[in-house]
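In order of appearance the chains are A, B, C and D, and numbering begins at 1 in each one.
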Amino acid sequence: MNGSSALVQADDTVLLISEDGKRFYTRLRPGHRQNTHLGVIEHDQLIGQSLGRKVLSSTGHTYVVVEPTLDELIKEIKRNTQIVYPKEAGRIIFMLNIYPGRRVIEAGAGSGALTMALARFVCPTGRVYAYEALSEMLQNAQINLDKAGLADFVEFKLRNINYGFDETSVDSLFLDVREPWKYLAQAKAALKPSGFFGAIVPTTNQVNELLIGLKAHDFGGVEVEEILVRGYKPAPGRLRPKDVMVGHTGYLIFARNIEPNVFPDRSLRRRGRHRAGLEDEELPD
Amino acid sequence: MNGSSALVQADDTVLLISEDGKRFYTRLRPGHRQNTHLGVIEHDQLIGQSLGRKVLSSTGHTYVVVEPTLDELIKEIKRNTQIVYPKEAGRIIFMLNIYPGRRVIEAGAGSGALTMALARFVCPTGRVYAYEALSEMLQNAQINLDKAGLADFVEFKLRNINYGFDETSVDSLFLDVREPWKYLAQAKAALKPSGFFGAIVPTTNQVNELLIGLKAHDFGGVEVEEILVRGYKPAPGRLRPKDVMVGHTGYLIFARNIEPNVFPDRSLRRRGRHRAGLEDEELPD
Amino acid sequence: MNGSSALVQADDTVLLISEDGKRFYTRLRPGHRQNTHLGVIEHDQLIGQSLGRKVLSSTGHTYVVVEPTLDELIKEIKRNTQIVYPKEAGRIIFMLNIYPGRRVIEAGAGSGALTMALARFVCPTGRVYAYEALSEMLQNAQINLDKAGLADFVEFKLRNINYGFDETSVDSLFLDVREPWKYLAQAKAALKPSGFFGAIVPTTNQVNELLIGLKAHDFGGVEVEEILVRGYKPAPGRLRPKDVMVGHTGYLIFARNIEPNVFPDRSLRRRGRHRAGLEDEELPD
Amino acid sequence: MNGSSALVQADDTVLLISEDGKRFYTRLRPGHRQNTHLGVIEHDQLIGQSLGRKVLSSTGHTYVVVEPTLDELIKEIKRNTQIVYPKEAGRIIFMLNIYPGRRVIEAGAGSGALTMALARFVCPTGRVYAYEALSEMLQNAQINLDKAGLADFVEFKLRNINYGFDETSVDSLFLDVREPWKYLAQAKAALKPSGFFGAIVPTTNQVNELLIGLKAHDFGGVEVEEILVRGYKPAPGRLRPKDVMVGHTGYLIFARNIEPNVFPDRSLRRRGRHRAGLEDEELPD
């Protein structure tokens, strides 16, 4: 991962866009090369050069080299697997209170889409503990993290989380598994007091099961939400939403490792204030 | 800002929640005290203690001490001013490719809500250049950043951005001003090649003006979107969306400092596939 | 209910709007009068006059007389009770295939908001059978329907629907009760073959129970949906969504009294085409 | 169009669903026949029989005969043309105050999708005046209305509405044309006092133009809104929204032929009440 520089450096992950719009993600290493449908590009053609400039492939085709955003890196993973929550990832980072220096557990890591986001924001001094039960998946995640230059900040663990987590007192913990309510005791044991819990599930039935579990395990500050991103066609003079939008990826559930009564149910408070006057703080945002 | 620890430390920003649900945000300093409606709490009562534990105020009332999330810190600012995009902030971080080590310009900083998010993710090695034209606003932003322990990563500048930015080759630049289309030449001069541009505006008319401007200034990869967060009442057995939701805060516009033709219009590509693959009957209406 | 006329007639339901924006709904009858906070208006001042004109109250205050829309009539009921689905009503009319001449059962009628919409569209030759278990509610509904001039098209029945419906072979049937899954045998007995079933419930748990019931009772063509209406501030030059929107009223469930296999699950068909035509990258996320 | 009957009658429009899920819409006439990919069905096989029953085609394949809903009829038109607002149609009926006996103008009729909904709800005593500038379109609309058994309630007019409308004092008028703001004088001349105006346009720029026009022509009670229908997968135990949803069809604009000051801007009133306490009536629904 590069820091702030307009010059491309070795170990940077770059995005090569061909003249016909095809995209190639690659991590630059001296002496390496990228094969494409329109010829070969030597990494050494790029290292030390400016971002945004055009380069010619071995067959004379034009490529532009840019930095990929985290959003693009996640979408690139998404295209190849079923991991689908780029639009949720930014929200998760916020709600789990992720930032440089934090220690966070993720299970299951899947192909590493969220792992990538977590690693990028806890680095350089924090750590992601990425649990995954399937070895093929885990290898895939490791490849993706390495490609993005973020593998150094992640400890991958091939493990069924039924047996618990190795870490204790982590700041945050995120579950992307089918039945997250089965691992709440383990989650609680790993989290520090007042630590941040999160999960994503696709169905309302799963949300319900998880809410029952969170209550049984005395988690506080429970919130459930969906993120909808509505894209627009960026045509001046003809601005309008896109015809089709993503209808659903999943429900996000957040909670804290603290007694429930510390965070009183805002819905109840809202009802009272709804009658008396609706204050900003009461609305979701 | 604390890193990863279950013990509260000096200089940490904490959230004190009273037994009747009132919230107090404070940055801990040895010898300091927090006055509340239910008595006084000495910072020294908290420093070195565990998060999540209860403390008694001078009048014997119970308080719980927890870490505030970035979301809560932003909402705390929001309550006092009109800066209103906590739900957009996570998305902005992603789309502007913010992460530790980056250099980013923000104008106008307002009361520092987004500044806080930017600072938290570029630290410890990056930098936020926060421009603001009103001195009262800027002072308020400084106080808020200081309270959050993030002021060290921000350079505040009292300046009308009509005169341009001091920095060049920054990674990202965000405009939260009334007429962002007036400052695109300045933005372009400050951004590195392929750098990331973002803006937020409340009305469709402003989006339209900005789209015209971005085209005129040869920005590429333009995207326009809205973020909708739909909250649910977290009641097991009675799961349902909240009655009221935020209908609008603003439109987000993103672009890159790169020739437009590098990022072909995805809408056009989609149209073709729309005809080829997705038939009307398949969509709900 | 008036037909098409620009002149106000006896028995018309009109909306009087005061110069300070207060609204009064009344059904005009010769010799009657409307008391307001700004004086009295004689119905005879209005009968035979043009819509849209101004009239003076007994104390010299200005009122404008207009036709109320169905939407306004429903909102007027809503203001006084908890019946809250004006935005769903138009969709229900469509999905239950309501039109002049149809026979439809509704239970429970509540205060008559949906009854009003059903009556207005089945008239003059159709019929609404409105069941309600609470006598006070039923009286309120009758008053509301009478006020709207639609009572002639409704048969009100004070009844617990546990004992079934009197009618058979009705075209459509709508349940607005807490546990609609308990009355599906009764509903099926009342509906004609291929007749239209509908229900509204607030929670996902209720939707789930109802889906189980509809499957057990061999209903076909099951659909579940939510209607979101997003209002805009109608300011030329500053077009933008309203700050706050209704987040939820209820989930609509529709089905037909016909074997499930006649209406194959469109979701399954869609999945196939989704793979064939619409790629992930085309969707915003 | 049939009224209320469980027996299929001559002139009814029915929907035939084949054993492999193909759909055929036809209006039944004695002696006629429906050709399908799985053999022929004689209309006389259906007339006088019960809805919902199975019939065999000439080649021994099974068909089920059901009533089509208005929603299905509109979608059937939609599949063949670009007319795309089934989800808006129910809302338009409500907001234009359409019901049996009303007189309504529609321009342009396109292929008759909305015409069908208007005709169905003004019948048997009302009237739709359907203007369309393209003769091919108009013929298509006439065929569609005839097929639905609703042509008797519509007067089709091949006309450029620039020259105005023949009718005066109509209850409601709907514009589905590219530049509706150009025909507001004509609309005003055709509408009765306090009559109902509506329009649909796809872009925000068009909404803005129309808002300017409505203000210039002294229309009151202006409202702008979007309808979003969110479909769910109706699977018991796995209830969740569909993956993809319609992101946009158009913006609906409604107004009344009455002085603007009669309907004060609710946004302004809302702001005041927002501070003081948010009442139900203030929220869009």
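In this text, a residue touches a chain if its C-beta (ideal position, glycine included) is under 8 Å from a C-beta of that chain, and two chains touch if they have at least 3 such contacts.
The structure presented is a predicted model; accordingly, all values stated were derived computationally and were not measured.
One copy, subunit B, sits rotated relative to the other, subunit C; on C-alpha atoms the angle is 180 degrees to the nearest 5. At the interface between subunit B and subunit D, two copies of one sequence, fewer than half of the residue numbers in use are shared by both copies. Averaged C-alpha coordinates put the centre of subunit B at 42 Å from the centre of subunit C.
Annotation: 43 Å between the Cα-based centres of subunit A and subunit D.
The distance from the centre of subunit C to the centre of subunit D, with each centre set as the mean of the Cα atoms, comes to 17 Å.
Shown for subunit C are the residues in touch with two or more other chains, namely 204-205, 207-208, 225, 230-231, 237, 239, 242-246, 269-270, 274, 278-279, 281-284. The part of subunit B that touches subunit A in the complex is made up of residues 1, 3-6, 17, 21, 50-53, 64-67, 69-71, 75, 78-79, 84-87, 89-97, 99-103, 117, 120-121, 123-126, 169-171, 192-196, 204, 207-208, 211-212, 215, 222-237, 239, 242-246, 249, 251, 253, 256-259, 262-265, 267, 269-270, 274, 278, 283-284. Residues 202-205, 230-231, 237-248, 274-278 of subunit A are the ones that touch subunit D when the two sit in their complex. Residue ranges of subunit A in contact with subunit C, taken from their complex: 75, 78-79, 84, 86-87, 204-205, 207-208, 229-231, 242, 244-246, 249, 278, 283.
If you check the complex, the residues on subunit B that touch subunit D are 204-205, 207-208, 244, 278-285.
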